[in-house]
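Note that the chains take the letters A, B and C in the order they are written out, and that residue 1 is the start of every chain.
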Amino acid sequence: MVTENDVRDIAELADIGINTEELGPFTDQFNAILDYFDVLDRVQGEGSVIRDLSNVMREDVIELSLPQEEVLKNAAFQEDGFIRAPRVM
Amino acid sequence: MTDAQVIVGLEVHCQLDTQSKLFCGCSTDYRSDGPNTHVCPVCLGLPGSMPVLNKKAIEYAMRVAKALNCSVTDEAEFSRKNYFYPDLDKAYQITQYDKPLAKGGYVEIEADEGSGGKCVQITRIHVEEDPGRLVHMGNAERGRYSLVDYNRAGIPLIEIVSEPDMRSPKEARKFLNKLRATLEYLGVFDSEKEGSLRVDANISIAGSERVEVKNISSYKGVEKALTFEVTRQKNLLRRGRTVKRETRHFLEARGITQSARSKEQEHDYRYFPEPDLRPVNVQSWVAGIVLPELPDARRERFMAQYGCSANHARTLTGELRLANFYEHVVASGQKGLFTLAATWIADTLIGELNYRNMTIDTVQAAPFKKLLEHIQGDECTDKSGVEVLRVMLDTIKQGLPYETPLAILDRLNLRKVSVNITRPFAYGITLKSGVEPNPIMKALSEVLTEQPRAVEDFRKGKKEAFNFLIGHVMKKTRGRADPKELNRLLVEALKNREA
Amino acid sequence: MAAHETVFNPDDRYNAFLTVCRKAPHSDGKLAGIAVAVKDNISTQGIETTCASKILKGYIPPYDAHVVDLLKQSGAAIAGKTNMDEFGMGTTTENSAFGPTLNPCDTTRVPGGSSGGSAAAIAAGMVRMALGTDTGGSIRCPAAFCGIVGLKPTYGRVSRYGLIAYANSLEQIGPMAGTVSDVSLLMQVIAGYDRRDSTSYNKPYTHTPNPDIKGLTIGIPQEYFGAGVDPRVAEVTKRAIFRLEELGATALPCSIPSMEYALAAYYVTCTSEASSNLARFDGVRYGPAADTKKSWHDAYREVRRAGFGAEVRRRIMLGTFALSSGYYGKYYAKAQIARENVKKDFARIFSEVDVIAGPTMPTIAFKLGEKSDPLSMYLADILTVPVNLANIPAISVPCGKVDGMPVGLQIMGKPFEDERVVDVAFAYEQVAA
């Protein structure tokens, strides 16, 4: 059982931005889905995932980068070749 | 309180010196280029792009693993470390979590106390990608924001994690220096490149909680940050308070650490295996790795081959470029040059370079060797040699045209002046002839006249008076006199006076 | 390269397209001049690519996905970008930020999802073929609901480079078309090794469908005909399998016990991967801008709150929870074990039979708005997700109707035996026609 507070914490960890009015329905849906996921408790077996491909690597060779204008093209704000982002400090 | 045990463990991140980035073909040679000029869909984290592992980065990391006596694991895997920051293009860092490339090695360093070495155990070695770079802009009034450059995003890093085996900030510094030297000898790391090293340090006082200091980005910074923490933590304990388990940031400019915000303290990174990459099974490559001569071996060789003192050998081999420089200088030189070069490089050149914030690769071996030969050939004194060296370094630093050491000697009028008794006319006229006195004899005779008390003291058996007189002669001749010869002349002159 | 131009002016009354390329250049080749629609989660250089999400509105990729490169090289004309459930998260194409796609067979019903736009564009005759992507049934479900053919290739057979990731370990790009032959033709073009996709295999597809299935053994898993499956759909599917037996195949009953938890394993895995994949949409490098007057976390949260639809945010939160410390072992790690068990079940069955057959979907296409509860929507994927968990190939081919709506026959094959499932579908198609 998760509570509205749990869902709020998960939303915080996910940095997803949740509205207060969404909290109730999200919590109900979460509980229904997590109840269904409980079937996994019955899973038996070994943990290791078998992957048949390994050592997929490339040689250390320089390839063409994108032109700077292509890099900046999709960015909303740019300044002297940099991309502008919200402050972190 | 003072003998409370300090416990330090380090996580060292070094940029691996590959040509291309860890997961894409963008060049790693970005430092002299504009922002966002070394990026592609992969390292910009564009939707739909996929990483492809650079084999060289794995090979480099394996060299390090072997050199640090680690065992390469039979299956390594890349994982995603999820956190959200504007310099992290994909909002996760591809790193290694529960299946690192190598585990369990050690590094030998000199212990603080007593002689001999100690082992710092290596917990693990893994490979990961560097994030981009953030520049903080604006101010409180006009608004703050960040500027992002993704050129650095995706540069391969090796992370070397030590056990908490170090007992002082100084030991941490030694460990770091040893690590740097080893990585450079292996040809996988260039410590001269700006920002090529970052360190996270765990530090505690025995019996107290552990503090993690993040983001130390220089060699000196590590010792500084740790020294600050030791003091801070000891002060807390002395005042009867407790040390909180927390993450702190090192503020290099202010030389202090500061508690990180609560969001960073929690960090639930939600690691899981990177589904776009396959496992790395490279244990079988280890046998094929041929290691070059490493710092310890080279130090032994310098002692055996060149007769370097233990201290000189350690200093010279502590940095790859320095060791190479030394060997360039003494190459095809005679035996006498070996010790002279060791002394001059280890005791003089390094200090002069540090003073000028210069690195050894700006200095050419040949002119330096010439200078040593002038000293060896009695054409200039040690003191003049230092002055010439300073001029040579200043010339390089200011980008002035090259001047031979001999030319500098002559220009500064520093060529050794000698009163060669066997060749009385070598410098023109001797004192006795009374026409143009040799400057040393002249200075000597002046000093004897000007310092009667010292002469008297000497006669009374005060040994210090002799050095006092020598000092004055040296001063008058601006150090051009050969000390050995001056000694002899002064002894003779004082004897004559007595007679 | 662009020697010719195709004029493309579809009557898109079903909202199948998000972007239409009215003048599509093309060159010569195997697909010369054929208008091919591309799902909007596949990157197209110079053409807006949104994954049907507001968070990517205006994003114009500076590069082509590998499959788009291959399409262009084969002479295809890129007709446009098709509608989908936002980031592929859905089974109806109702989760598009730009409005649902309607099912051309019955416009009161959904076309299935998440490649609903691609399926509808084909079913409505707007294009002959299209690319879809299949994470848990997203090609096969709309193929079944719209009465067309869709192939989910073996994982690794088609490069994912340029596919905007929803759940990397599960999804594949695959061909969709009106006929098995066209699906096979498109598969010839898009399959093959790509060094930019580390999970790519060097297994090109050069096959031409062969209807001879004499001696073929077909596994019929009881779970595909049991509870939760509309008996009418089960009946239509059984009849189709009987036709295959008439062609010389032998049907054998079998069981996939791991089906019990396959759907849970699927949803834990895909939401976990999605929570990580979708975190990069921060409004800094592309997409609607983050407010640079705010602090980073406030701006980031706001971009995601405003940019993602409810289902996407729900799945991001579920995945974040499944990966969080304390719950990783209960959810993510368990799901990976479950996944191995599904693979083992398939391997065991495939040691006795050549292919496995059953219905693609448990029901016919839902009414628009019918599946409002998330869990009931998830349960509709029960017959398609095992294939993704096991990384095997599967095709859906129309096999009859219920209530006038198409039903899909799903043929599942051994890893890298995409050719075999194509042949079986082709054999059925020939006798059904």
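Assume contacts are C-beta pairs under 8 Å (C-beta built on N, C-alpha and C of every residue); 3 or more make two chains touch, one makes a residue touch a chain.
Every value quoted in this text rests on a predicted model; they were computed, and no experiment measured them.
Undergrad: Could you name the chain whose Cα mean is nearest to the mean of all protein Cα atoms here?
TA: A
Undergrad: For the chain pair with the highest number of C-beta contact pairs, give its two chain identifiers.
TA: That would be the chain pair A-C.
Undergrad: State, to the nearest whole Å, the distance from the C-alpha centre of chain A to the C-alpha centre of chain C.
TA: Chain centroid spacing, chain A to chain C, equals 21 Å.
Undergrad: What whole-number Å value describes the gap between the mean CA coordinates of chain A and chain B?
TA: 41
Undergrad: Using mean C-alpha positions as chain centres, tell me how far chain B is from chain C in Å, no decimals.
TA: Taking the average C-alpha coordinate of chain B and of chain C, the gap between them is 57 Å.
Undergrad: Could you pull out the residues of chain B that touch at least 2 other chains?
TA: 41, 44, 52-53, 84-86, 143, 145-146, 148, 268, 277-278
Undergrad: For chain A, what residues touch not just one other chain but two or more?
TA: Residues 13, 15, 49, 53, 56, 58, 66, 71, 83-88 of chain A each touch two or more of the other chains.
Undergrad: Enumerate the residues of chain C that touch no fewer than two other chains.
TA: Correct list: 59, 62, 195, 198-199, 275, 279, 282, 284-286, 292-293, 296-297, 300, 320, 324.
Undergrad: Looking at the complex, which residues from chain C come into contact with chain A?
TA: 58-60, 62, 156, 195, 198-199, 201, 260-261, 263-265, 267-268, 275, 279, 282-302, 304-306, 308, 310, 313-314, 316-318, 320-321, 324, 330-331, 333-341, 343, 373-375, 378
Undergrad: Spell out the part of chain C that touches chain B in their complex, as residue ranges.
TA: Touching chain B from chain C are residues 42-43, 49, 51, 56, 59, 61-63, 65, 160-165, 167-169, 195-199, 272-273, 275-276, 279-282, 284-286, 292-293, 296-297, 300, 320, 323-325, 328, 332.
Undergrad: Going by the contact rule at the top, pick out the chain A residues touching chain C in the complex.
TA: So the residues of chain A touching chain C come out as 7, 10-11, 13-19, 22, 26, 29-30, 32-33, 36-37, 39-50, 53, 56, 58, 66, 70-71, 73-77, 83-88.
Undergrad: With touch defined as at the start, can you tell me which chain B residues reach chain C in the complex?
TA: 41, 44-53, 80, 82, 84-86, 89-92, 143, 145-146, 148, 263, 268, 270-272, 275-278
Undergrad: Please give the residue numbers of chain A that touch chain B in the complex, ascending.
TA: It is residues 13, 15, 49, 51, 53-66, 68, 71-72, 79-89 of chain A that touch chain B.
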